[in-house]
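Below you will find the structure I want to go over with you.
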Amino acid sequence: MGLSLDASVALIAIAPFLAAILAPLIQSLAGRFAAWILFIVPAGIFIVLLGLAERVVAGQTISTAIGWVPSFGLTLGFFVDGLSLVFALTISGIGALIVLYAGAYLRGHRHLGRFLAFLLAFMGAMLGLVLADNSLAIFMFWELTSITSYLLIGFDAGRQAARRAAIQALVITNIGGLCLLVAIIVMQQLSGTWLLSELRGLEGVVRDSAFYGLVLTLVLAAAFTKSAQFPFHFWLPNAMEAPTPVSAFLHSATMVQGGVYLLARLTPVLGETSVWTGTLVAFGSVTLIWGAIGALRQTDLKQILAQTTIASLGLLVVLIGLGSKAAIAAMIVYFIAHAFYKAGLFMVVGGVDHEAGTRDITALGGLADKMPVSFIGAALGALSMFGLPLTVGYFAKEEMYLAAFGGDWLAWLVLAVLILGNALLAGIALLIMIRPFLGDALPTPRKPHEAPIAMLSGPLILGGVAVVGGLLPEWLGHDVLAPATLAVLGVEAEPHLSLSFDITNPVLWLSVITWGLGILVFRQAHRIRVLLRRAELAIGWTADRAFDAVMFGLIRFAGAVTRFLHHGRLEIYLFTVFAMLGLALFVPLSLLGGFDWIVPTADLGDWSKRLVLPDLRIYEWGILLFVLVGLLAVLIAQSRLIAILSLGIQGTGLALIFLLFGAPDLAFTQLMVEVLSVVILTVVMTNLRLDARDHRPFEDWARDGTLAVICGAGVSHLLMLVLTGTFDSRLSDFFAKTSVPVAHGANIVNVILVDYRGLDTLGEISVVMGAGIAILALLRRRNKPAIAARGEP
Amino acid sequence: MTASAFIDLTSLIALIILGIALLVSLVRIVIGPSIADRVLALDLMTVIAMGFIGAIAVRTGLTLYLDIAIALALLGFLATVALARYILRRGLKVDAAMELQ
Amino acid sequence: MIADLALYIGGLLLVFGALFSLLAAIGVLRFPDLFTRLHAASKAGAVGGGMVLLAVALISLDAAVFLRALIGIVFLLLTTPVSAHLLARASHLTGYRVSESTIRNDLKNPVE
Amino acid sequence: MNTVIFRTAAPLIVATMLVFSLYICLRGHNEPGGGFIGGLIAAAAIAVFGMASGVPAVRRALKVDPLAIAGFGVVLAGASGLLSLFTGSPFMTSIWLYLDLGETTLPLSTPLIFDLGVYCAVFGTISSIALALESDREEDL
Amino acid sequence: MNETATLVADWLIVLPVVLALVGAAALLMVRRANRVPVIGALLFLLGIIACEIGLLIRVVEEGPLSMTMGKWLPPFGISFTVDLFSAAFALAASVVTLVVVVCAEAGRDADDGRDAFHAMVLLLLAGVTGAFLTGDLFNLYVWFEVMLIASFGLIVLGGNPLQIDGALKYGFLNFLATTLFLLALGLLYGLLGTLNMADIMRVAPGANPAALTGIAALLLLAFGMKAAAFPVNAWLPAAYHTPAPAVSALFAGLLTKVGAYALLRSLVMLLPASRDLLEPVLALLAVATLVVAPLGAIAETNLRRAVGFVVIGGIGAILSGLSLASATGIAGAGIYIFQAILSMTALYLTVGLIEARTGAMDTRQMGGLYEASAPLSILFFVLVLAAAGVPPFLGFWPKLLLLQAGVAGSAEGWVGGVLVVALIVNAILTLIAGTRLWSHIFWRNASDALPLARSGRRLRLATSAVGVLVLAIVALGLWPNPLIEGGQRAAADLLAPSRYLEAVGLAEVEQ
Amino acid sequence: MNSAFLVVILALLWAGITGSFSGLNLLFGGLIGGAALFILRFSIEGRGALRRAGKILSLVALFVWELIVSAVRVAHLVIRPDLKSVLRPAIIAVPLTVKSDAEITLLANMITLTPGTLSVDVSKDRSVLFVHVLTLKSAEALIADIANGFEARIKEVFE
Amino acid sequence: MDYILAALVGVFVALGVYLLLSRAVIRMLIGMVVLGNGVNLLIFTAGRVTREVAPIVPEGLETPAGAFANPLPQALILTAIVIGFSMFAFLLVLAYRAYQSLDADDTDTMRLAEPENAPQPPLSY
């Protein structure tokens, strides 16, 4: 291909998002051709990526980086190796088909443009996720896939089920995402790099650290939530609320594979330990069986597919956990096989739903006559899923049995689980292929006819590729599996896929057993379903319902907490503040020895001299008494006017104190303000009848009084503690020295106000002015209905 | 007795007398019984406080305190006017009854 | 010498002013009803306050201070009767009951 | 407060208060007082005036919206600080001019302008509040 | 006297505040003139923004700058001292104010002119800017009060009973907070004898550590109240939903951030030793705020109240940076303040637009906006994600820094690890709250009882103004490098304030 | 004419309180006084200028004397132990012959500040002044006292 | 002497706090004023008190003759008083309007913005 690397990066990184932004516009301009126009973007990306394939197959890794956030070492770039290329090709290839499919599926929908925008944005994010080397960038794309998925699941937002599924998916995957972020940060701090390629090279830096357990837990939490591993699997079936193109693209082929990709990517960093293998195999196995059984329980075709997706994801995790060359190769080939057949099957199911009006497998039959092309698509996919030779699915099964074959009893157990899982999936594949299409035709809500070409091209192409892949085992092994396995494990591996059936190979017989069991499952599907439904009723509890319980519990809890804390009662808010004040005044000081000075010691004995009766003059005592009487009168005042007058008294007393201790300006102002306060209070009181009495019951009285005394004593004490120190009078000395000669004012206080600290005064008069405006605003208009009033019912 | 000693003495006496006067008028403020009585006592109190400031001015020799005294008289008048209006509008009795409770 | 005289007079005025103020306060405490108390407050109070101001003026021996004190006194004389009148009137209008010892009351019916 | 005694005495009282307020404002730089107290006393005068003669009479007499006076005060104070921009010194650096007028020199300075600004701000605001409260009451009656 | 001549360019330090103050006063004078106030306000704001851009450029190039009023050498006069944080915050504040003024025009009647709305907005900005720029602790108190009184005026505009009730709680609690600040200030002055921040830094290490820490605790309480930290944040949910939406927006963007900034300045720069002693307390406050606040957002059915809790949650993030106090943590806290100024304002403005369209404030009565209005959907969605710290929106970057700091700090004690957990829990809860709101307001079908109002010309103007702001937020989120680098430099200056001391001119005294 | 007079008074007052009788200060005082009067321009009556300084002075002298007497008398009364029995309070309606606002106000204020009397209110038609008396001897004597004393002097001054 | 004032500060603060904790708005407002006065006295005391000598340079002198009261706290308090007064005036008028429009002066009954029977959050998606 002729594109330079940087141009390729730019195209892949920017084009999907640009297309997403423009999609609504294109839709409104081009109408039904919008999808065809937008198809160019993923198709182009696919071709560009194919152009890189040659070098990757040759064993190279292609990387480039454009600086983005240098302060984090965050780059916008590209790291293409076998693994990421497989994923990226799958994403863009299926993405292109999905865009076409969606255009037909939602034809005439007024928000088709919006839908395509989300879809393309998702694709961009997904490509970013698999192509980025910088772990922060991976996280960002990871989160972006969650967000776009949220918007897509909730696309049909009028229904509560869709909204619920969307929130559920987002919450679950976001929790995982945040775990991933913390893990990434820890890994960065352990290794000093954000780049996974470098991290993979730093053998053991994470694995041998004390944080390995933490990082592993966090990464697994991320991967398991994203890839719907048990017990986080329940969001995936619900995500089927999304329109079918979304299910086909996100919830089978791409997004849910993000966790698998992450685990594969981090295998060299975190893998190859017994914890890793044990955890992955255990969770994967349970997920595999759980998903497969879940699928058998369903009658809705989409739900069946969703549950099998869970099973397949479990299978992939088991394979990553096994971690051998064969297992990784099996993982890659199974990933490809699954992506192709599952996307195709989803598209077919969407077509059936679209044309027949139902997806209930028990209500469908004999559609092959009316929808022959759809049937071919379904058959291609289902046979690959069944694992028939000549399809990619066959090799997937072969490789995984090979990987698990032989070893200790645990390995045999894993093998048994794999066989059981594959058998169940094979049975379900037959179910999907045969039940709706063959047998007697059943009446359906709509009169079925063949789906449009745009909806058929996907299944056919994907099914075709599955078969082509199945016919070209050499190519598959050499050009796809080898580079991918190299990318994961960092060692050369050349899986030998072949179509030569060697009946001495036990693996072949394992396949045969799988098929046989699969046919058995298909035959007994109805009975199994009835049995499972009974069991479900008996248990009466699912993780899905638990989610509701947790969410509603959280909401109720939040409501209770909020109502408890924000009750609207000012006096309690104030009590809280003063309680904090009491704590602030006593706790730090008592911890730091702030009360020591009170205890007489040899070197701190000075205090007792200072506490003997101070040398106050008689009239000073009188003023103190005056102030105290005023304060007492304020406290016990039984009428509003006495309270006001008492307020004036204590203020006047304070002014006299200021006057006695050399602060005439202060006294002056205090007096004026005090009198004016009384005046304003009086004027206001003239207009209303307020009760100034204290209605507090005794308990409140005692409680508030105690707190008040604590606060008062605390402030007094802290002030005294401050007073024990010597005072630094630099500032005042400077003012005294310069007031007359430099500032030309004899009244130092006034000079401070208008010159040394004039800015304070400027602010102060602004406050005065502001008070004027505010009071005018209060008095000017009354009871003008505002929107706020309508808020409360 | 020198003039300044005399001034010292008289100002001290004046301060003490005025201090007592302040407290006496405080009693009327506290016991009421009607608002008007309290207001009247407060009005007197501002005048006494004015005298107090004057006495301090004499005692400290800072005659500029005089202005504070005058300003106090000015605003004291305003306060009395406002309180008189309060009485005019709110009456004496309701409040008096409340106080008896 | 004259300066000293002014100081002595000032000192005396100060004490007398203070005394008048105290007497005004006592009057306000002892008189039986609002109107009688107003007599004490307005007369003794004004004179007491005025005397102190005059004392300050005399002791300062400064024409500017003297004039200022005079302003203060004038203001006091201007406002004292007005506030007494306002208080008396407001009380009367809102139904103040005069002391039982009042021998004649031409203002029987409140104006409102 | 419709009483002839108060109404008639009020102008004298108010005039005295206004003159006194300005005096307090202007000599604050050397003795207790200053713009704030001056403005407060002036506003008190306006309040007395309002109580004696009613709010409409005061508004008519003032001509200017009192809040605008307050705004003017802040502008004046701010502008006095901005003047030092022209002397190449920081904000609020004082500038002193001594006008020689025969027997006396009249000191003009930015702090003086500043204090006048304070006076206006306080006067305007407090008057505005007083008048607003006063007229609010009248509506209630 | 400082005899060196002052560059005219130095006036950039003080001009934003002076222009805002004088502008407020001038607009008050002309408040009755038709349309003059709004045009005047816009002109003043543009002038202020121009000054602040110039100032920011100078600070980036030259480091912290200082101007001491009246040529009175520090610590004697009042200094304005600007570092990267203060310059950036001040700029952000005036930018959002400009947007708010434009948006407010959509919701104002002709007869609203006389209430001096624009004067109050400028006064608020003056207070906020002054608080950001000043280098003097008492002066900071004054600016707090300027801000407070302006907010009083704004919160009661309209005067309906709901507002009066909210304003009462807002008023008492906030005035109490500034009074406590004053209390602490008095004690600090008694202990150290100085008010200049740079001078305090020099003198504080020699003071009685117990008294100093007691004072620091008081400052923490006072500023914590201002910043709406748990458990003294009750005033915010009680009041933010009552005024006009534009006013709510202004409050959300500015008020709490100034409190948080003051915490940063006072505890980290001025009294670092006391901060170290108070670290467990700070961490506990941060954790509680982070966890409790989004619960409110989940529980609340009043949209603006719910968003108010989101604002509080952001304060928790800032507090966690304070309690980590590494360069990374401080940078995270600072950048969070910056982004919160922008995005919280935008969020509240969007909420205002939503209210205008739906005619309701109760989320239970809303619905259908996803169908009806793509612009509003985008604005709200982006802003909620920004608030929840989802990448690549602006809110992500400071959270990333904070998490980094937390992970790094977890090696030294329990604080780091606990904060990381709390930050994660906060992100999840905020996301749940945000998606619930989104679900109820946008996704759900419109209720028949309250049909959506048509979008008029003025509403569209307001939407575009918010759109421009959100575009800026998105752009900054996509290209955050200058912000992060600036934040890291500013944090370094805050932790090792030699450049700050040098700018004030008190550095050489130390040696 | 009246206003000009008041401006001069206020200017002198200004000079007095500022303590400088320089021409400039007087001018400034005049400006301030003028400004104050401008604010009060609607409230000052146009008629009844104070003309005869002598009469004013004698009125002032009378007033000051009466004031001091009054204060002493009240003071004496206050400290009497048999206060209750000495008091003979009464409110007397005193018919007014002066008519202008200024005259009524001046009279009422003077009555308040002088011995034993206190103006409570003026009737709505301004014909009666209600005076509170501390120790009433005879209502007629009181009415005559007021009419021949202050009221007559005030009329002279205002003629 | 300063210790007596420090104790007095405590009394002011305690009373202010106590009043602020009552439910009657007008008492709370008075509490706010008392608390503010206490804080002002605290600043005054913290700047160390001296008796009677005002920080005013006597005429004809360049600097104060002897010891003088610390002027800086005075200026600070002046600013604080003015600001406190402005806030007080606003809050008072606010209380007045609250009384008019909410018909209540008790914080217990002022719960419009945060109503007592606030709706429970809906348990839906």
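Note that the chains are named A, B, C, D, E, F and G in the order they appear, and that numbering of residues resets to 1 at the start of each chain.
The criterion applied here is as follows: contacts are C-beta pairs under 8 Å (C-beta built on N, C-alpha and C of every residue); 3 or more make two chains touch, one makes a residue touch a chain.
Since we're looking at a predicted model, the values are computed, not measured.
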| item | value |
| --- | --- |
| Number of hops, chain B to chain C, where each hop joins two touching chains | 1 |
| Between A-D and A-G, the pair with more C-beta contacts | A-G |
| Central subunit by CA centre of mass proxy | E |
| Most remote chain, CA-based centroid, reference being chain F | A |
| Remotest chain, chain G as reference, centres from CA atoms | A |
| Rounded Å distance between chain A and chain C, as computed from the means of their C-alpha atoms | 78 |
| Between chain A and chain B, centroid-to-centroid distance (C-alpha), Å | 69 |
| Gap in Å, rounded to a whole number, between the CA centres of chain D and chain B | 27 |
| Whole-Å gap separating chain D and chain G, where each centre is the average of the chain's CA atoms | 25 |
| Per-residue multi-chain contacts in chain G, two or more chains | 20, 25, 28, 42, 45-48, 52, 54, 56, 72, 76, 78-79, 82-83, 86-87, 89-90, 93-95, 97, 101, 107, 110-114, 118-119, 121, 124-125 |
| Junction residues of chain A - those touching two or more other chains | 160, 163, 167, 555, 558-559, 563, 566, 568, 570, 574, 581, 640, 660, 664-665, 668-669, 672-673, 676, 679-680, 683-684, 686-687, 691, 693, 715, 719, 722-723, 727, 729, 731, 735, 746-747, 749, 753, 755-762, 764-771, 773-776, 778-780, 782-783, 792-793 |
| Per-residue overlap in chain D, given as positions that touch at least 2 other chains | 1, 3, 5-6, 9, 13, 16, 20, 30-33, 36-37, 40-41, 44, 47, 67, 70-71, 73-74, 78, 81, 91-92, 94, 122, 125, 129, 133 |
| Residues of chain E that touch chain G when the two form their complex | 138, 141-142, 145, 148-149, 152, 156, 159-162, 164-169, 171-172, 175-176, 179, 182-183, 185-187, 189-191, 237-239, 241-242, 298-301, 362, 364, 436, 439-440 |
| Residue ranges of chain A touching chain B (in the complex, touch as defined) | 618-619, 622-623, 625-626, 629, 633, 638-642, 645-646, 648-649, 652, 656, 659-660, 664, 667-668, 671-672, 675-676, 678-679, 682-683, 685-687, 689, 691, 693 |
| Complex contacts: residues of chain C adjacent to chain D | 71, 74-75, 78-79, 81-82, 85-86, 89 |
| Chain D-facing residues of chain B, complex | 64-65, 67-68, 70-71, 74-75, 77-78, 81-82, 84-85, 88 |
| Interface residues, chain G side, partner chain A - complex | 1-15, 17-28, 30, 33-34, 37-38, 40-42, 44-59, 61-64, 68-72, 74-79, 81-83, 85-90, 92-97, 99-101, 105-108, 110-116, 118-121, 123-125 |
